[in-house]
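Two complexes follow with subunit A in common, the first pairing it with subunit B and the second with subunit C.
Take a look at the complex of A and B:
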């Protein structure tokens, strides 16, 4: 079954920046789908379109068969790129507030995540290190029992041990039949988890297919294939 | 199966690495006919690999006749398909051939090359016999 379908998706911001120039792709249920690209490729814009946080300029995107904008996607949770909201709140308070509006939030799932990541819940959000902040956001997202997880740079600032835990969590979510959209600029970790991927550059798709096919067609590693595509070689 | 080594960053896709490892275990008899295989779930957790990758490897192993599935029970090892050993031997020989060609380019005599190769073969056979 298809979870997300984008057709000729275009996003032009008010300042004239063309972030997405007509992209087409599908995300299938139960798969880990990576969104790759150099800085400024349009990755975050694409994720925001999926979640209905911004309105596409042209083309269409549907998630679970519905248009995400403006109501959002109830059956999805999100780890945002900028992990700096609610700085002034106590962590425990932020969890309560999040739980009050996040669909299908489970405190027992949250406690499980916090334990797994050795996340301490004392103090204010603003006092957390970058790594601990990421842990908090990932724990909150996975505490929601939803069918789609959209993760924007979910390992930002994490040490190798916690990073490994996050990657394991992503892989395990497939066992529960969940779908994951994962954006990252760290190719080695994408290579470890994803089934399917798109590579974006300046708002255009350079690749759309499985990781296995990319390696088999290019007969090389993901990082070499990525570099040659971004430099402008064809497949 | 826990000793299986996965290299995520190789140019060989992970599902192919798993297939090759399992084919060798089955041909060598380390995995015996009728033996039950770990479930996709267990294998994914043990190897820390995306479960879809294990499912793909199992599906292809099944198509090629190395394993079979019993509804509700799981996967079992089948009798190694005909010619499967010959196919793997050809692949191994190809690897040895490449290395020998590299050695041949060095200034050593044919006798020396043969002697070294023979010594190696003898060493491996003796090791195997001892244990």
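Take a look at the complex of A and C:
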């Protein structure tokens, strides 16, 4: 089953920046789909389009068969690049408040995540280190029992042990039938978890296919294949 | 709703305390104010103006007039306007500037986000405004002054409606900007502009402050119903425009 389908997706911002220039791709159910690209490639714009946070200028995108803009996708959980939470709240209060509006939130799932990531729930959100903030955000997002997880740099600031736990969590989610969209600059991580991927550069699609196909065609690792494509080499 | 209340909680409590304290202070300082007005220096200054002398005389002898000139027609509506911009201006802009909008936007519909922010704000703001009117009445009764409850309720009602209109302007401005200072500055500029309209006959009707502090109520007439419907109509238009602004906004 198709979870996300984008056809000729274009996004031009009010300041004239063309962030996406006619992107086509499909995300299948139960797969880990990576969105890769150098800075300014349009990755975050694409994730925002998937979640209905911005309106495509042209083309279309559907998630679970519906247009996500403007009301979002209730059956999805998002970890943005910034990991911004309410700084002035106590962590336990932040969890309560998140639970009050996040669909399908489970406290028992959250407790499981927090334990797994060794996340302490004392103190205020504003006192958390970057790594602990990422742990909290990922725990909140995965405490939602939804069918699609959209993760933008979900291991930002994490130590290798917790990073490994997050990647394991992503793989386990797929085994439960969930779909994951994963964006990261750490290509070794992406190579470890992803099934399918797209590579963007300046809003244009350089590659759309499986990880295995890419590695097979380029006869090298994902990192080298990525660098080669971004530099302008053909497949 | 829970989140919105938590975001407003501290400001609500502080503004509620300031509003009630101000009302009580105006009642309790009446004798001091009258003493000051009747001092030889002031009397010497106003003796050549029969109009000012008449006003000072009414403030000194008529508690209802004192209440209007010092609270319901002055400090009260000034506080209502200031509190409207304080409560509303950062409502959306703070979520944009701190990027916490990404936490809520995909998990709630735009309507849910918009209505929860607005409705909690309306309730909190209305409680503060009403407490200023009712608090003044109670303080006056406890201090032994006679004040018609119907007049107090009329001014409280018009100040609440006018204040909600100012609040809604602030909410709309907070949707337009991604930092917290601009809505505050632009909001204050608009409020000053609305006040200045009272000096130009052709656009005097735009002065929401004269609606809030209706002198017809002082003279025993009721609330101006037409003006009330006009204020509510403009409030509704700004609310609907704000919703569509938010609904189609790139976050």
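Note that the second predicted complex is superposed on the first by the 235 of 235 C-alpha atoms of A that agree within 3 Å, B and C clash if a C-alpha of one lies under 4 Å from a C-alpha of the other, contacts with A are read in each partner's own complex, and residues count from 1 in each chain.
One rule holds in what follows: a residue touches a chain if its C-beta (ideal position, glycine included) is under 8 Å from a C-beta of that chain, and two chains touch if they have at least 3 such contacts.
None of the values given here were measured: they were computed from a predicted structure.
Visitor: After aligning the two structures on subunit A, examine subunit B and subunit C and state clash or fit.
Guide: When both complexes are placed onto subunit A, subunit B and subunit C end up side by side without any clash.
Visitor: One more residue to check, A:175. First (subunit B), second (subunit C), both or neither?
Guide: first
Visitor: If you stack the two complexes on chain A, which partner ends up touching A:115: first (subunit B), second (subunit C), both, or neither?
Guide: neither
Visitor: Please indicate which partner A:71 is in contact with in the superposed arrangement: first for subunit B, second for subunit C, both, or neither.
Guide: second
Visitor: Based on the superposed arrangement, let me know which partner A:192 touches: subunit B (first), subunit C (second), both, or neither?
Guide: After superposition on chain A, A:192 lies in contact with subunit B alone.
Visitor: Who contacts more of subunit A, subunit B or subunit C?
Guide: C
Visitor: Determine, under the contact definition given at the top, whether A:217 touches first (subunit B), second (subunit C), both, or neither.
Guide: Neither: A:217 stays clear of subunit B and subunit C.
Visitor: In whole Å, what is the nearest CA distance you get between subunit B and subunit C after the fit?
Guide: 27
Visitor: Do subunit B and subunit C touch any of the same residues on subunit A, and if so, which?
Guide: Common to the two interfaces on subunit A: nothing.
Visitor: In their shared complex, at which residues does subunit B touch subunit A?
Guide: 8-16, 41, 44-45, 48-53, 56
Visitor: Subunit A touches which residues of subunit C in the complex?
Guide: Residues 1-3, 6-7, 98-100, 102-112, 247-248, 250-251 of subunit C touch subunit A in their complex.
Visitor: Which residues of subunit A touch subunit B in their complex?
Guide: Of all residues in subunit A, those touching subunit B are 30-32, 168, 171-172, 174-175, 188, 191-195, 211-212, 215-216, 218-224.
Visitor: Of all residues in subunit A, which touch subunit C in the complex?
Guide: 13-14, 48, 51-55, 70-74, 76-78, 80, 82, 84-87, 89, 93, 96-98, 100-103, 144
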